[in-house]
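Below is a structure I'd like to ask you about.
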Amino acid sequence: MIKLSPKLSQRLSYTILFLATLLAIIPVSAIIFTIIKNGASAITWEFLTAMPKNGMHGGGILPAILGTLSIVTCTIVITLPIGVCAAIYLNEYAKDNLLTRIIKLAIINLAGVPSVVYGLFGLGIFVMFLKLDVSIIAGALTLSIMELPVIITTSRSALNSVPYSFREASLSLGVSRWQTIRYIVLPNALPGILTGAILSISRISGETAPVLFTAAAFSVPHLPHSIFDQVMVLPYHLYIISTQIPNMPKNIIFGTALVLLMMVLTMSFIAIVARIYFRKRRKW
Amino acid sequence: MVDKIKVENLSCYYDKKCALESLNISIVQNEILSIIGPANSGKTTFLRTLNRMNDFDKTYSRKGKVYLVGDNIFDMNMENLRKRVGMLFAMPIPLPMSIYENVVYAPKRLGLISKKSELETIVEQALKDASLWDEVKDRLDSSAMKISGGQQQRLCIARILAINPEVILFDEPCSGLDPISTAKVEESMIELKRKYTIVLVTNNVKQASRVSDRTAFFLMGKLVEIDKTDRLFVSPKEKQTEDYITGRFG
Amino acid sequence: MRKIIDTTIETIIFICGILSIIFVVLIFGFLFKEGFAFFKSFGIIEFITGRFWYPTSNTPSFGIFPFIIGSILVTVGACIIAVPIGVMTALYISEVAPKGIRDVLKSAVELMTAIPSVVVGFVGMVTLVPFIRTLFNIPTGLTAFSGSIMLAFMAMPTIVTISEDAMRSVPWQYKEGALALGATKWQTIRRIVLKAAMPGVIAAIMLGVGRVIGETMTVMMITGNSARIPLSIFEPVRTMTAVVAAEMGETVRGGMHYKSLFAIALVLFLITFIINFIADLFLGKNKNK
């Protein structure tokens, strides 16, 4: 082997690292680019606001968009308050004993359990045991259970990032525990909690497996009336039209993918920008 | 002379380790009592016991009684106790809000006042008593994180004064400050003793001799000696005290 | 009044805390109950080592060995691609990239996490699958290999962000110490940074693996769904997740087939839980430094 000078070896290594970074970024950019290029032509006002026609071969995807929006809204309404409160409990109130530590560990690890497992769990508990049937609410509850550990974990790290000394200073003035949390801890943790929540919304919107057996329908001829209705959702709709229906016009599939992708990416983008902004503005 | 605080047989532990052993001490109204001693002498533990800041530490436990004008503080509601016994920490900890909001924070949260005009008088008075008013009166709305360390520490004093406590505990309040800022904090301490009773824990023997009426020397969790400051520094009764104040150890 | 509001809110917080504990117990309890109900009538050894999956035949057989192999094959393939690229990218972002580009790159990588798996699957289906088929001249492009490639992209953001965090948290004194001794920046990165950040990098890889094993829609769409034990990575496979997702809709609720899917879910649950647990241990190790 030829022995390179340290300087040359550094330059070579940096080049390799740079190429690896390109290799990580380019394919994904290509995915996004492909979808935009092929899907943009499908995006019309009608596509976004009309019902599907001719067995999905024409018309729009309004029911799928509304279905996704309603499930995501229900989910976040259920999971965000419970998750944030649970995070406050675990971080600020719970005694630091073995049980609490086990619970914290379990919650962190539950965040990595496959979404299809949650789907099956939701089917067993909500659809069958609680007899909610395949419905918006069953899907939302399933997604809530799935997202709860994530919300708790991100909220806890946001709470943790508020220095302990602030709490001590407030408590030493005779201010109660809850008031300290309410007026010192929460306001300073809020940006972190909210960016976490937006990332969660983005993730939930793109999930297929958990709603597969709990909420999603192949086709529903009308828009959802109540939370006990089955609905079409974007990710499942994309799955169906790209794998189960023969001779689908390509631009409809790409258009659907584009709508879903834009929804998800926009929210993530907002969350990431917001986080950078709040970090820069942080006072301590 | 009225005893403001009376400590009876107080022992404190972290896990099983004894940090403070059967302490008996009285703190007189309107005095500055300094507590000096080397590291691990139990002085900070004692101070944090007086307004029960250590209660959140689950390894901490204690025996004995502490009376604040007749009431055992361990039977009192924690919030009421802390309202009467304020504490200044070693490092200045301004809350992440404006100077004005820092001062009104506790009075507002404790529901001490309702009218906005009252708040403004409180802010002015507290900042004046902490000798900070002249320096910040034109920028009460700027962030408390942006003023200097010495100003922050005096702001923290003002924050305590705003709830009008009876006793103020100072936990090495100048350890992070330069000599000029230290002088200012000491100055306001001497001013304050007219209205308040002050307990000062300090590593700085000279500081104790400059500001306090009486000084107590702690060693290894025990009170070795307590006396009038000038007497303790001139003719200490115990050999250990003499060694410490002359700088032979610690 | 103030006191009453305070206590009410605190009570709500306690209830939510306990609720989250109940959910944790519920998930564990439910999966174990359903899974064990299945293992009572069908042996666990036979389940894991059995080579044949005939859930609906008259004499049903529930061997998930082919799916385990499928999952392993796809995961290992994805890791071989994602780990080196991911770790090198993390090194580039944390140590080499100019400051301005660093935040942009990090955000871009994070944005990658958000792409839904069904979208990745769809794009793989229309671009990669035909490409693989013609490139290797094989009967179908729906192979374990295609799955590995697409899943590598999904594991990459996890690996990059978490290793980058670990590298960034290496104390600058370490680096400065090495630089002061005359090492070049690259030698410092290689010998000091990479070594000190190793627990975090391992945790990142494990979390990436966890994500790949649990991935469902992408593999269902591009790995061909064949229940046979594959002989090479250029053959169709079926993963555990795909079995659950694909067959759940067709089962008789409460029947053996239905229960067997819960048993698979239990296996998946345990695998990912253990992986995450170990990753968590490594992350803790990194923090304590």
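Order of writing sets the labels: A, B and C. Residues in every chain begin at 1.
Just so we're on the same page, a residue touches a chain if its C-beta (ideal position, glycine included) is under 8 Å from a C-beta of that chain, and two chains touch if they have at least 3 such contacts.
Computed from a predicted model, the values in this text were never measured in an experiment.
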- Message: Using only alpha carbons, which chain's centroid is the nearest to the whole structure's centroid?
- Response: A
- Pair of chains ranked first by number of touching C-beta pairs: A-C
- Item | Intercentroid distance (Cα basis), subunit C paired with subunit A, Å | 16
- Note on the structure: Per the C-alpha means, the centres of subunit A and subunit B lie apart by a whole-Å value of 48
- Message: For subunit B versus subunit C, what separation do you get between their C-alpha means, in angstrom?
- Response: 53
- Residues of subunit C engaged with two or more neighbouring chains: none
- Hunt down the residues of subunit A that sit against at least two other chains at once, touch-wise. 176, 179
- Which of the residues in subunit A end up touching subunit B in this complex? 95-96, 165-166, 168-176, 179, 183-184, 188, 283-284
- Note on the structure: The answer for subunit B against subunit A in the complex is residues 51, 53, 56, 58, 79-84, 86-87, 89, 91, 93, 95-96, 105-106, 109-110, 143, 145, 156, 159-160, 163
- Task: Note which residues of subunit C are touching subunit A in the complex, please.
- Result: 6, 9-10, 12-21, 23-24, 26-28, 30-31, 34, 84-86, 88-89, 91-93, 96-97, 103, 105, 107-123, 125-127, 153, 156, 160, 184-187, 190, 207, 210-211, 213-217, 221, 241, 244-245, 248-249, 253, 261-262, 265, 268-269, 272-273, 275-277, 279-280
- Item | In the complex, subunit A residues that touch subunit C | 6-7, 9-10, 13-14, 16-18, 20-21, 23-25, 27-28, 31-32, 34-35, 81-83, 85-86, 88-90, 93-94, 103, 105-117, 119-121, 123-125, 128, 145, 148, 152, 176-179, 182, 199, 202-203, 205-209, 212-213, 235-236, 238-239, 242-243, 250, 253, 257, 260-261, 264-265, 267-269, 272-273, 276
